[in-house]
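The structure's right below; bear with me while I get my questions together.
Each chain carries a letter (A, B, C, D and E) given by its place in the written order, and its residues are counted from 1.
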């Protein structure tokens, strides 16, 4: 073993410039140790233990066997909630996109008009993500009453936190050259966004928006809370009552929609990449 | 019209790219910047319209300081720049790229909807035709050859109708025929419309043929600044040799 | 979370795993409330005791089926499901001073409302607790059906708000026209000031239905079962007072539980199983 | 009005090549109409009505006033669940990253070794997203019992669907030139990934991984279901018991962690962009 | 060693970039491809190592077809390519970029950990020194000037120790001094190690000076293919003029 290491040391060489001053070495060492300690601490706290999974194969196969075959009879019952959920997720996602664009643009370091606005919009985006959908749902219920409307509002407002954050990040990621070129023509911020930023982030943002749509479709348990049904609620109900074969059928419906959205997303992206 | 005083730039506190460069460019001049690869030509050109923040020295364009954030958009409108790496937006068509040069003259809302005044579009198409890309006007720029992309960058600067054009290796990717055509086009613009040119070029022959003033840069130092007429071969050699004795002299003089 | 480092050991090696709902408390307080009870068990059984507070019973029932949890304090409907799926067996039933081993479920409306009886609910909005709740879903549905209201077709919309308190709040805040609440939650709410009885009108009281039991998994070691039962049924008054909040505010003692005791609910459950076939 | 349009038509011109054949025009028209119809249908279905929100300002201000001031006394009680949740989210996210890398790499059209593997891994990724965390949690409970471990597993497996999808998408987005260059040297797939793909996707993937960490921290209600507490469970409990001021305090704790993760993410990204 | 037969390429079913090109390159040759911007030079070069799929014709390298997916990695190992747009990976250091040329010779696991044999690293550093970037070896490539980036691309191809080097405008962004130095370096390699060269170049003078064979491309057609010795000025003109009569003749001959 030792001779192997020696051989490696003699024959092989790292292609990265290793820092030679003690301060840098110490810094790297410090971060590695910190990371490993955090990891150990977390693994212990979560009682993570891969061996235990292997003991539980039986339990998993038991539960999976109860999930199959899916109960096809309930499909007709799922149509209405599926449609409702699709409607809600479309409107919610469009609302989220609308809200996220100004926040994301102001929250991108390379195009924000001033650092204060940057800080404020990043804070708002963080706050929007910190508050769960349910709480937004309750707030909107007290404003507009029960039904799909408050649920849609909750989904829209709550999704905008994620969309805005990623929008900001991907604007910060664009090639600085093209932004420089636009600025060099004397174009203003808005024009720079339209001509340099949008063409570059569009594939990513379309992909993100469609993902969020899919996510909103999946996360529609929220609708149950505001009294508007939805496919997620159906899923939870069949799960809670241990009707696993119905649950599997509902999952298949959800998977179909997810796969469809994924297909649409990749088709659109292929066109604009 | 352009006054550069004691300009210095050090990247990452390590790489000295410009050292104490001072120069004045007058209206109507056609100045060529020559120098070895890595000498600091791009750094000089990019600092002029404020793309690079310098740590010492001042740059004034028509009496206004470039480091003044408030005027920068107005100044940039008057300075067209052709980038060494083209910096065209690959997902836009040629026409859209060239119209970027018209944005400073266009209504923000309209231009955001890709609506332009007819005369702007015609002017942009004109510029495209002048660089020989007429047939490619509606083609996405990532479907162009290297030289074609470079010409899109040139057309964009032309479309801007600036007072000063900064060009960083504008013909590097072009065949000799197209290169001369482009340089003739720029000379024509320089002569007829009085647009000032500051250009870095690797081809010494072309630099002498089209420029009327040569600026030699070596290791970030402006080693000479002369009219083309009267420039000796020996002086020319200075910037392209590794001999540093002359630079040291110069350095002490500064 | 939970305490033991190595909880992969089964109870044979000395761990008894208890499952329960937080029941209207935050986790921290609920754990504190359970502390004396767990100490009692640990002392008497001479084994470690672990507590799992699940926010609902789904995972707990699955865990019992996989022999990963030993005794659970179930709600009535959850017990029926657990008996069915996880071979749970009821062994003790908490008896309350005021309403014994039975519970009732109310249908309530706001004082100002013009709804006076169940048949008025047609076209109104209604708040249930959740689809796996007895007093908050199964029983009120039964009451509606008995009064000629089809909860799926006749209600304008049905909301699931998660717990009984929220049901009452939804009525008080006029977010819904009517809701259901189980009697224990109703009186606790009044005691603790969350519910002002002046603002609420009860329009229907259900037939009494059996409360939820303590149940173990059938496969549990027989001697251990004996021991547990012995502890439950031989608690002194001081011990009961110490563990008061674990069982119920007004718990007085345990009664023997027979599985057949919940048959009446099973019949009702069959009914909702049918009903669930149509969309909610 | 009409004269204005005419003026626009005379003076202004669209910089995009408008297709002239009827087929293309019809196609564009078709998609626009379809989009508008879907939108109207969805808006109707969700009873979306901005006017109703304006009427509900009172309700919103009422509920917000009940949320303030936050109840500071509960902070000490929140420390333990916060720590547990952090541990669980760290391990869960690392698990998810580990699982997502092979799926994401195989599911990127430009580097997948063969189209069949591409299809299979995209399908797996869709399925992983279609199944909600709760269902994974229950499956793992039947394998390993109650506690933080099954919750962590559920979070890990379920997050890998999103991470893998975005990993695949961002690999598809990289500059084809650099990938071509690597392939031209005769390097194999793995080397191409290490030298051309990783440097380009790293900032994005780090940002994504940290976002998912944050999301896992927020989504920790799952822990409540498997009997392991967590901050999300505290939040839901205080919400359901109408202890709004405690809820606000919990939200502040969550926001602090979210802001911290966001800060870490942007620091790391600034270093590697 | 390289046999191209009736190669044709049309982009998007519209732009004809190559039309019926046939040519043979023998071992040890130094062939120069000349042509106007957009003539099809890059398309030709990129199709040789299979980066562009052509719709008609065949390319064989040492008797093996390039369209054969199974052999492509082996073939590519033996063909070094210098790209017009550099295609270096900007977030890697110069050394890492150049070591990419050694990947085909390295252990997959070790190289994934950025571990290389000492001799590979020394060879890479050697290549870096030969293109004059010694001091920049551990600098991230996006911090280099245009010409320096181009030289990184050259060093990567050299590091590969290929049998054939395809070079697409390898010195476009370099000053005349560095350009000649690089071309001399490539000539030396060509002479001493017998590495075949196929290069597109815009500078006719340099092409004649360093190449021993000139391939003229115009509008996707190979209009001539001659040894440098004996090439007349008139023939040279052919590719750079817009006169098309000669091309038509050629076309009919094919």
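Odds and ends about this structure:
Basically, a contact is a pair of C-beta atoms (placed from the backbone, for glycine too) under 8 Å apart; a residue touches a chain by one contact, two chains touch by 3 or more.
Owing to the predicted nature of the structure, the values given are computational and were not obtained by experimental measurement.
Shared contact partners of subunit A and subunit B are D, E. In terms of the distance between Cα centroids, subunit B is separated most widely from C. We define each chain's centre as the mean of its Cα atoms; on that basis subunit B and subunit E are separated by 29 Å. Chain centres here are Cα averages; for subunit B and subunit C they lie 78 Å apart. Once the centre of each chain is set as its mean CA position, subunit C and subunit D turn out to be 36 Å apart. Note: centroid distance subunit B to subunit D, computed from Cα atoms, is 43 Å. Residues of subunit B found to touch two or more other chains are 85, 96.
The set of subunit D residues that touch two or more partner chains comprises 84, 134, 138, 142-144, 147-148, 221, 236.
Within subunit C, the positions touching two or more other chains are listed as 1, 7-8, 56, 58, 62, 65-66, 68, 162. By the definition given earlier, chain contacts exist for A-B, A-C, A-D, A-E, B-D, B-E, C-D, D-E.
Residues 49, 51, 73-81, 83, 85, 87-92, 96, 100-101, 103-104, 106, 108, 111-112, 153, 156, 160 of subunit E touch subunit D in their complex.
Here subunit C touches subunit D in the complex through residues 1-2, 7-8, 17, 19, 22, 24-28, 52-56, 58-60, 62-63, 65-66, 68-69, 162-163, 165-166, 169, 194, going by the rule given at the top.
Contact residues on subunit A toward subunit B in their complex (touch as defined above): 177-178, 180-188, 190-191, 194-196, 199-200, 202, 272.
Of all residues in subunit D, those touching subunit C in their complex are 77, 80-81, 84, 134, 137-138, 141-148, 150, 221, 223-230, 233-234, 236-238, 240-242, 246.
Taken in their complex, subunit B has these residues touching subunit E: 11-12, 15, 34-39, 41-42, 84-85, 143-148, 151, 168-169, 172-179, 202-204, 240-241.
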